[in-house]
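Should a chain be cited, it is by its letter among A, B and C, assigned in written order, with residues numbered from 1 in that chain.
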Amino acid sequence: MSTETLFQAPPIEEQQRMVEAILFASSKALSTAALTARLPHGCDVPAALRALRQRYADRGVQLVRSGDEWAFRTAADLSFLMQKEVVETRKLSRAAIETLAIVAYHEPVTRAEIEEIRGVSVSRGTVDLLMELDWIKLGRRRQTPGRPVTFTTTAAFLAHFGLETARDLPDLKELRAAGLLDNRPSPGDLREGEQDPNRNQDDMFE
Amino acid sequence: MSTETLFQAPPIEEQQRMVEAILFASSKALSTAALTARLPHGCDVPAALRALRQRYADRGVQLVRSGDEWAFRTAADLSFLMQKEVVETRKLSRAAIETLAIVAYHEPVTRAEIEEIRGVSVSRGTVDLLMELDWIKLGRRRQTPGRPVTFTTTAAFLAHFGLETARDLPDLKELRAAGLLDNRPSPGDLREGEQDPNRNQDDMFE
Amino acid sequence: MADEQLIRERDERLAAEALVIDVDGFEGPLDLLLTLSRTQKVDLRKISMVALADQYLRFVEAAKRLRIELAADYLVMAAWLAFLKSRLLLPADPAEDGPSGEELAAHLAYQLQRLEAMRKAAAKLMARDQLGRDFLARGLTEDVSMKRRVKYEASLVELMRAYAGVKTRDDFEPLHFKRDAIYTMEQALERMKGLIGTMLNWSDLEEYLPEAWRLDPKKRRSATASTFAASLELVKAGTLEIRQVESFGRIEFKRRG
């Protein structure tokens, strides 16, 4: 309205059709930025997404958001119809599931912190596997001695578990209120004897 | 209404949702018979298809029929939006990914240094490709005899690999801890590796 | 009374053995402690650490008796719990530094609660509707191929693997000079000095290569280079003359004067 552009943006209804078409054609979630880049100049992608989401709210296919990415997905209540399309996925080990949960609830989290919580060293390949699944990724290095790398979850993680944002993790508020997501250091240094010799000492008590 | 069945068929609106979801998730067009087989007993698939077709008539995607098979397709007038999607993804050659990794870990780095680390000469094509992809760029010249140019990674590189800074990359110790450094070649394997046909192949590709 | 005591101990021992036999099923001492703590059937916040320490120590005892080898961290935990128990039972020694038994016990209780909380959260996470299982992505993607554009793809994992690969090559094939195939210039010089008295006429450099260095091409190359370098050294010192009649021809030398 205030900004005058050289080209007239398409009508709102048309913008919605375009976003609908692009998202329908893609199996992957697309970010607002990616959508904007593919639409004619001047389109209001967030408004189109809001309208579409509304339009599909109780349909068999729904517009879902994960992080900043959007995708059409079949409604979860119809999963019983989908057996034919379901691809059997590899069953995750308990270690991988727990590691994933710890990254999700404690992110950004260092390897040493994951080990501290599980009380056991993170086995080789667990982090590797979760990264390959594109559920966790490297975060910033922690600004503590040794500058350990941290891990965080990805948009694909949110998309896979149907979470809009990391704040929607189950029981997040309760766990936080109970202080169970605090980074509480152990009193004294008596337990240092337990450390894995490979572990970076500096990581231990950040 | 006329036929009495043991189980009540779902409401019409629900039948439409089901057909919608199944067609959305299916990787191919489906016949009326196939849809009927997947829906609860007593559903009127042709009626649901008619209603859906109507509903999507002027949307960005449309329910189209070919022969007796049904599928969602992008509206013909929006096909121009799909053209950007056309990408043939190709894996980077080993030479390229190694060169890229070395630039990322050692930037700014000269060509001679890359060659020293890889132990193989770096072909022009490799560097050109990485620059074309906008993953590496020229850095400052090194203030040493010959003033060789250096290479550094770009913002596009960080964006593609989901890094905030190249300094967030894990070091060797961390790679090992993550299980990414498991396959230690034995001295015997190394000699084999040198004659690895794939390797030569990769280098040839450039 | 005494019987009851005996029976209870026996039961606990049997329970411990049942756990021991499944020791592979535990993911470390903290996991084991969490499992043991459930037998107390109280809220983790109200758990008796002394009792838990006893349970754990009995477990380790039973494992020893059954000759099951426990990983070192289980034994470290046992030692630590024994220490914790003594701190909790004995009156605090004001002269002693460090955290009190209660502080240590509170932290262990916190760790157990946190681990349990993460377990439950993980279970809830996995129980959620999942993509590809409960809700599905578009099955028939339309990537109309009109304009072909090659896109190169590489993931971060691949990048790191590549680097690890390059560096591993470095690590495990250190720059090794095969010393046994190198004839040093010092050796050559030594030998030439000893033979210089015999070099009255022009003679081929090759004749001065040591016997053992003539057959193997690598050794021969090294010996030739070093002998040649040594002869130049002697020319410089004025004790030898050197000539090569034509390009790539034989290199000959003789004693000067």
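Quick notes on this one:
Basically, a contact is a pair of C-beta atoms (placed from the backbone, for glycine too) under 8 Å apart; a residue touches a chain by one contact, two chains touch by 3 or more.
Note that the coordinates shown come from a computational prediction; the quantities given were computed from them, not determined experimentally.
Any chain that touches chain B and also touches chain C is listed here: A.
The most distant chain from chain B, with centres taken as the mean of CA atoms, is C.
Between chain A and chain C, the centres computed from C-alpha atoms are 31 Å apart.
Centroids of chain A and chain B (each the mean of its C-alpha atoms) stand 17 Å apart.
Looking at chain C, residues 136-139, 142-143, 155-157 sit in touch with two or more other chains.
Counting partner chains per residue, chain A shows two or more touched chains at residues 24-26, 72, 74-75, 82, 85, 128, 131, 137-138. Residues 21, 24-29, 71-74, 79, 82-92, 94, 96-98, 100-102, 104-105, 117-119, 129, 133, 160-163, 169-170, 172, 175-176, 178, 180-181, 183-187, 190, 193 of chain B touch chain C in their complex.
Residues of chain A that touch chain B in their complex: 16-22, 24-26, 38-39, 58-61, 72, 74-75, 78, 81-82, 84-85, 111, 122-128, 131, 137-141, 148-149, 154, 198, 200.
Within the complex formed with chain B, the residues of chain C that make contact are 136-140, 142-173. By the touch criterion given at the top, residues 27-31, 73, 76-77, 80, 83, 98-99, 103-104, 107, 110-111, 113-115, 117-122, 124-126, 128-139, 141-143, 155-157 of chain C touch chain A in their complex.
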